[in-house]
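Two complexes, one shared chain (chain A), two partners (chain B, chain C).
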Partner chain A sequence: MAASKINSTTGIESVDPGELKAELVAKYPTKVGRKRAKQIVINSVEECGEVPEIGANSRTIPGIITQRGCSYAGCKGVVLGPTRDIINLTHGPIGCGFYSWLTRRNQTRTNGPGDANFMTYCFSTDLQDEDIVFGGEKKLRKAIREIYDNFKPKAIGIFATCPVGLIGDDVHAVAREMKEELGINIFGFSCEGYKGVSQSAGHHIANNVLFSHVVGLDDTPSKGKFKINLLGEYNIGGDAFEIERILDEAGITVVSTFSGNSTYDKFANSHTADLNTVMCHRSINYVAEMMEKKYGIPWIKVNFIGAASTAKTLRKIANYFEDEELIERVEKIIGEEMVEVEKVRLEVKSRCEGKLAMLFVGGSRAHHYQDLFAEIGMKTVAAGYEFAHRDDYEGRSVLPNIKVDADSRNIEELRVEPDAERFSPRKSQEALERLKAKGFRFKDYDGMMPEMASGTLIIDDISQFETEKLIEKYKPDIFCAGIKEKYAIQKKGIPMKQLHSYDSGGPYAGFKGAINFWREIDRMVNSKVWSYLKAPWQESPELTATYAWE
Partner chain B sequence: MLLRHTTKEIKERQALTVNPAKTCQPIGAMYAALGIHNCLPHSHGSQGCCAYHRSTLTRHYKEPVMAGTSSFTEGASVFGGQANLLQAIDTIFTVYDPDVIAVHTTCLSETIGDDIPQIAKKAEAEGKIPKGKYVIHANTPSYVGSHVTGFATMTRAMVDYFAESNGHKIDQINIIPGYVEPSDMEEIKRIVSELGLRAVMFPDTSNVLNRPQTGRFDMFPKGGTTVEALRSTGNSKATIALGRLASGPAARALDAKCKVMCEILDLPIGLAATDAFVDTLRRLGGVNVPDSINIERGQMLDIITDMHQYFYGKKVGLVGDPDQLISLTEFLVSIDMWPIYVVTGTPGKKFESKIVEITRDVPHEVKVAAGGDMFLFHQWLKNEPVDLMMGNTYLKYISRDEDIPFVRFGFPILDRVGHSYFPTVGYRGGMRVLEKILDALLDKKDRESPEESFELVL
Partner chain C sequence: MKRADYVSTTNACKLCKPLGACLAFRGIEGAVPMLHGSQGCATYMRRYIISHFREPMDIASSSLGEKHAVYGGGANLKQGIRNVMTKFGAGMIGVATTCLTETIGDDVPMILREFRKEMEQAGEATGLPPLVSVSTPSYSGTHMEGFHTAVRAVVDQLCTGDFPYEESAEKFVNLMPGFLSPADLRHLKEIVADFGLGCVMLPDISETLDGPALEDYEKIPAGGTPISGIKRMGSGVATLEFGHTLEGSSTAGMILHERFGVPLHQSGTPIGLRETDAFFKALELASGIKTPEKHALEKGRLVDAYVDGHKYLFGKRAVVYGEEDLVIGLTAFLAEIGIKPVLCASGGNSGRLRGCIQRVTAGLLEPPPIVAEGADFRKIEELCEEVSPDLLVGHSKGYSLSTKLGVPLVRVGFPIHDRFGGHRTLHVGYRGAQMLLDRIVNAILEKAQKESPIGYGYM
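Take a look at the complex of A and B:
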């Protein structure tokens, strides 16, 4: 295995990933171990970019202590949560609505006191015993009327929770009926928690409903010369604000964001943009695909996490529009922004170089944040996603080879046809060819693994046990994951950065975000607080003994 | 304004809850189960429930919260979750090796009708439960009660599964502390030991959810009530249950099962409730109250008498859980504050009448809602503001919009630390509550006093 080891200055050469994998798998009951063996992969990148196959988007093993959430969390919490003027009504017992109330740090900025903002509210039908027995549709209808009477929103989304699916409440029928009655847009999401195998199913369901019930409702031509949508950016800790700042300066108009700092009207008008840029491929690629088919808007993968990545993304967008002025302006911005960025980067790098990071989080973040660590000389020795699919690991080229299992088949795939009137290819065939010839790649994503070193460990849906073992063996300088893992890791004396919610920090996107992130990582990995773990009398107990003897 | 859509005009709502003042049963069951030593809570349902409960408890305690889930998929929802739970039991005992798996159900598994004892039996028959290890359970459908009743049900399950009586009473008292913080549980234990009494407390989350930073992570920390101690509760002389809703069912079950007489008291928050607790300990234990406790009581009373002018006649709005609110309301009334709005999301008529009774001498109209929500509470405030609010972190949005001083109290507290280390029960806990109230009121006074009447000495 010598060839597959990572070079490092911190002594991780002693970790043989093959042996470690065997140790991890051996701990489980045989059948469980066999399954985990497919989800734990030692990375090896061929020259052509090919990587080994990983088991992903498969059922979680009961009892393994997963960090995954459910379909409702992906749908209501992640995708619809950051939109401020749609009332999200949870149809179910109180818990689901309560836990997803203001807990994700999505920021939103209204255009003044008259603007609607329901993100600070939690709406629920709070189903009771008798509703489960006799059905909850009546209560749902009434709750919608009460929402209308009290709040007069533009739109209401109804989110089905686990028992709703079982008792047979038809949220879609109620939505249709109430839409008719009240004259506002009302749509339902069948995002019961048991759908699919993780949050990912909920993303897909959210994409489908937004696409079929909201996108395309307002044909007013959007203003601006270079019009894009920002997909899969949720404005955690203000990321979208920083991205908007940069794009604004470049003269690029963001027609809509799915869904950080977003509004209903912007979704409705999003099909008038000329390019879809995809940040979180996992959670939003469905909308990008469908908008391309229906309206002719091409999509590209972008990444605003990391200063170099941000620069690369800006150039990519400018090149797409093939406008010399824009290309120049973007270069000017990059040049100006990079002065401060480089200053901080080099300063932080001097203290962080060679340190080790592990990232087990999300469906794109565990990939994106590796760029930020690499820029300050930190190595990612192990990484994995919580709810991603094989294409997020291995790249979209594996899509035709992914076997669709029963759990995924239960999530509807919308059939989308080009819109008879509104389909308009944003680029001529000739222009597309011209761009491709210059190396421009549309609707493509390489995934995480080809960009990681050979010999690194890739683990899908990592368990608590595996997390602990990895920390024990590699002794990383920082571990990135979510709130549930945070304090178990920190109790071990390893700083832990949340990359779902950023702890209390952010923005981390764009140029200013990169600076924020590096300062934060510098604070964490070089903090003196980790040196206080032992009291003086625990550090050198023998000294006390000597005094006692003398 | 953060809550810009909340209007003064109150329209009746029958179906819609806005900004709830409760959450669901399973999280309470998970919290209670964490108070058993070497126990892994397990959520039998979709994995989102477990993720949400762990996240919320983690944010509240800033501590590791470990729990398993049955990770239901659509298949399990159609065919039942037996296969999932069997695999979970096998995996948990193989990998994590707890003494106890405490299973609680969810709205999903309850709607399907999974029979947990039957599945546990099957697991045992298949050899999936090692000798000397236990799988216990509580039925906690999310569409009944609230997080408080979930806590009560899992606490009762500890009695149902473990309490034994051999007919020989031992010199020991059972204490069921209620849905309180680990710091409170620690304080209750301290008071009991100050009186020189031997007690078993269950559940006990102290040293589980407020453990020290040591550079080590133990999956199962030192704290928690051991199975052995739980077993011995059946031979105890008596049980003191603190908080009717959270602790009553377990106390009554222990009486029925092992003939251990019980006294069900209010949570010892405030002067009168702590007096009642200490006095009951004294009587049941046949001991004298030591001076150390008298001193603490006197110190608390000293704060009340010294600062009475700042409490007197101040209007307070409270949101929280029934057991806490009953004691807290009584506490505030006893220091001449006026709790004029009292809201809990947990349903229950008895709660409303109890609050009415406690506040009967308050010279102001008192509005109470069980099964209410924070939206209604906020609307009440819009019609007549208060001088102080007490409740969980979500109140901070109202506090900022309405510029009302706010003391964090209850569950969850997501934006401050302290609650897991510093109690609010007992005399010392009462002193902390008084300090917090004074800080909130006097900070506002200092901020807003005109320059000429800004004072050094308060």
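Take a look at the complex of A and C:
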């Protein structure tokens, strides 16, 4: 009965995070407990912005129900999933392909009836016993020919699943061979589910292949005066459409998004942009880094989640281009958009202020969405990522100190050199210095923890048991995670917002997205529907749950 | 028009084998399904099953990595089981293999034997729940094979006869319903109870995957087949096993028959009048009483509705797709009500679908419908060009085909993730047939009304 000085129905002050942490860790066997102790951290932000170290990106403990997925999910499902005209062929038994069949609610907008969109399709080699015994390469070749004959796509990506790597099928050799035979771009991804510790490994693999097989193939100068790429935005629920709307209005051209609403041609041409803006640092920073080295495109961290964050991001982009007209236009847009935004924000704030939120999701969402909650006066008391690394928590300054373990070493790190013909620094050294002097920061991300209050609880790869304890102790007004957690949490009487698929809602990015999100949170936390379902502590406040081992 | 069969699969009409095993394990009281393989399998299947049921669905994983793929996953599996035991207080752990562990050749029964031994040596064996293992490589068979294999494994490994045989006062039947909706299972239990019989239904997801809102959340949802019930299945008066495609194969019911001499009645999934009649007849036989009035009336009303609905349905052409036994049941039903099933398709490939379809449509449909076994939606779509259907009957994955064809889709089976309450769809019994009939007639009426230039208010 630790951390039980609770008498109000909500109230962060009454929970002692130190006691709670001790209680969580004590429930595990010694070795597991030691590991979890590193992954459960009480936040404290020093004046210089320094935060405590957190254990992240390490192997999940077997038998703990984790939120995490696999390398294949990160590669095929997350990064390549939202591109409409590359045919994604899963090389493996049927499950992997089936479960990643547009389940992430990525949206795309074709340029008319002739424009290819394969996102509603699910292609698989559907390996059978005999393929496992005799090898699946023959079937893979045939499948690629069939796809080519039927759909004539611009490109085909082959995704290796667990058994493929084990039986020794060489997806890369088949890709090369078929590329030659068919004359279209074909590339393989060694994203077997057992690689790495989470979907994060798959993001890296996807980034490497896109970078080495697609980016830079089309040198046609892209149109527009202010050309950027939007990296790590996957157009869930139409987020990219809202961002594109705003950027369009500002006269900023998006050459390519990685990879919401994207196409093969846009990837191929993306090296002609003059700035890379990074939304989800975790899943895509590799591409940003490599494009800077090879082509000289600087990158900055941006965030379009939250109205104030969107405004800040727009100003950041405009300042980068150092164009007075653009700066003015951006200010005008912000001014206009904020009228409706503020109206809704204040209205919703009046009903949500002081309520508590918890976010355990993704590799950037748990950070970004805190901005939206903060704008309506809601406090984030605990947060964590599913698959992020230390730099996403503590900021990129810790990068040199991150220990590379065996699991990370198994994921290829590409060696990138400046391209002999295409490398061109987008900004002169002088311009860069000028911007830096004005406080402009390139290739930098402070991470989630420095922006969270001291005393909040940060938990990496949260387990189901920990989720339950947290809810019991903090009694949050809303919990954000994914569909797997949704119904378990709602059975406890806590509204649960899906931040992967948005509960069929969205967009939540940009100005209109902020309004959507606030309306949704207002509906969720203030709905009468919860009054039919009383949480245990509402019935009898002194109650604490008993667990199997107690 | 005809082309050689594709080797690749486009828009599959089947799910993978371990998913079926997890569903079956979930229907056992206190059981936690566990996958031996990469954690992605558990995560994908959880999110998929949850999208249909809108209920919590926990599947533990041994979370193997690259190292374990090389050296074997035994240690991880043991550690995982330990954690599932302590953190969940599992009443049973059902371990299903995956492509990864099947390919590397992990011997799960042996690992479990070792684990038991280690627990015994450590003096911890008393806390050990039953551990059931099943081999479910996704490269052989569909989720339905996984489901049936898991049910068989449970009976095989738990009904070992060491449970004291009771001359129980209550007569009970064993019921192996196959993969039906929670609403179906509740209805089946109601029917059996109305015959004055006890019932061990295996598995029973009626509560575990359609539970009430709770004042006190339970880690493992209440409900499911009690382990004690499973252990005494050998003393049942009969086993009723649904699914024409299972007939004569080595099923859970067959084990009970061979091991304990429990009479086995295999029949089709009771969808529609005739297949439900067969089920009621088996119950009359097992109970020695006639069909209770309540159900006779329900049947009477159904027949009445068949007559009333006939004018809307006669000659309408339907495409039915999904799991083989569901397709067989639905086809039998559709043929009864005057609809002409023109194409029966399944991703399943037991080799029995064609024969079963011919049997259930004999005398009603000449010629019998086209049957596509091991089909994907590309194949179904191509065949639709030949058969020009008026409606589709199947799960959510037929949605884009139905919009392309401009015909209604009546959603049944699994998965239904673009409608609300899919898991509460009632398919079985006279009552289920009645509900299906109403929905189908209304889907046809809705289309007719929408397309009518006059705007009739009376249809």
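Definition applied: the second predicted complex is superposed on the first by the 523 of 550 C-alpha atoms of A that agree within 3 Å, B and C clash if a C-alpha of one lies under 4 Å from a C-alpha of the other, contacts with A are read in each partner's own complex, and residues count from 1 in each chain.
The rule is simple: contacts are C-beta pairs under 8 Å (C-beta built on N, C-alpha and C of every residue); 3 or more make two chains touch, one makes a residue touch a chain.
All figures in this text were calculated on a predicted structure; none of them were measured in a lab.
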Putting chain B and chain C onto chain A via the overlay, clash or fit?
clash
Chain B versus chain C as contact partner of A:Asn235, first or second or both or neither
neither
In the superposed arrangement, does A:Asn261 touch chain B (first), chain C (second), both or neither?
neither
Pick one for A:Asp131: touches chain B only (first), chain C only (second), both, or neither.
both
Based on the superposed arrangement, let me know which partner A:Lys142 touches: chain B (first), chain C (second), both, or neither?
both
Partner chain(s) touched by A:Thr310 [first = chain B, second = chain C, both, neither]:
neither
First, second, both or neither for A:Ala116, with chain B first and chain C second
first
Check: chain A residues flagged as touching chain B and also chain C 29, 32, 59-73, 89, 92-101, 103, 120-129, 131-132, 139, 142-143, 146-147, 161-163, 165-167, 193-197, 406-407, 410, 463-465, 468, 482-484, 486-488, 491-493, 533-534
Which residues of chain A touch chain B in the complex?
27-29, 32, 59-73, 89, 92-103, 113, 116-118, 120-129, 131-132, 139-143, 146-147, 149-151, 161-163, 165-167, 192-198, 406-407, 410, 463-465, 468, 482-484, 486-493, 533-534
Applying the document's contact rule, which stretches of chain C touch chain A when the two form their complex?
6-12, 14-19, 34, 37-48, 50-51, 54-69, 76-77, 79-84, 86-89, 98-100, 102-104, 137-140, 142, 211, 213-217, 219, 347, 400
If you look only at chain B, which of its residues touch chain A in the complex?
1-5, 7, 11, 13-20, 22-24, 26-27, 42, 45-49, 51-56, 58-59, 62-77, 84-85, 87-92, 94-96, 106-108, 110-112, 141-144, 146, 211, 213-217, 219, 345, 375, 394, 397, 414
Looking at the complex, which residues from chain A come into contact with chain C?
29, 32, 59-73, 89, 92-101, 103, 120-129, 131-132, 139, 142-143, 146-147, 161-163, 165-167, 193-197, 199, 406-407, 410, 463-465, 468, 482-484, 486-488, 491-493, 532-536, 539, 545, 547-549
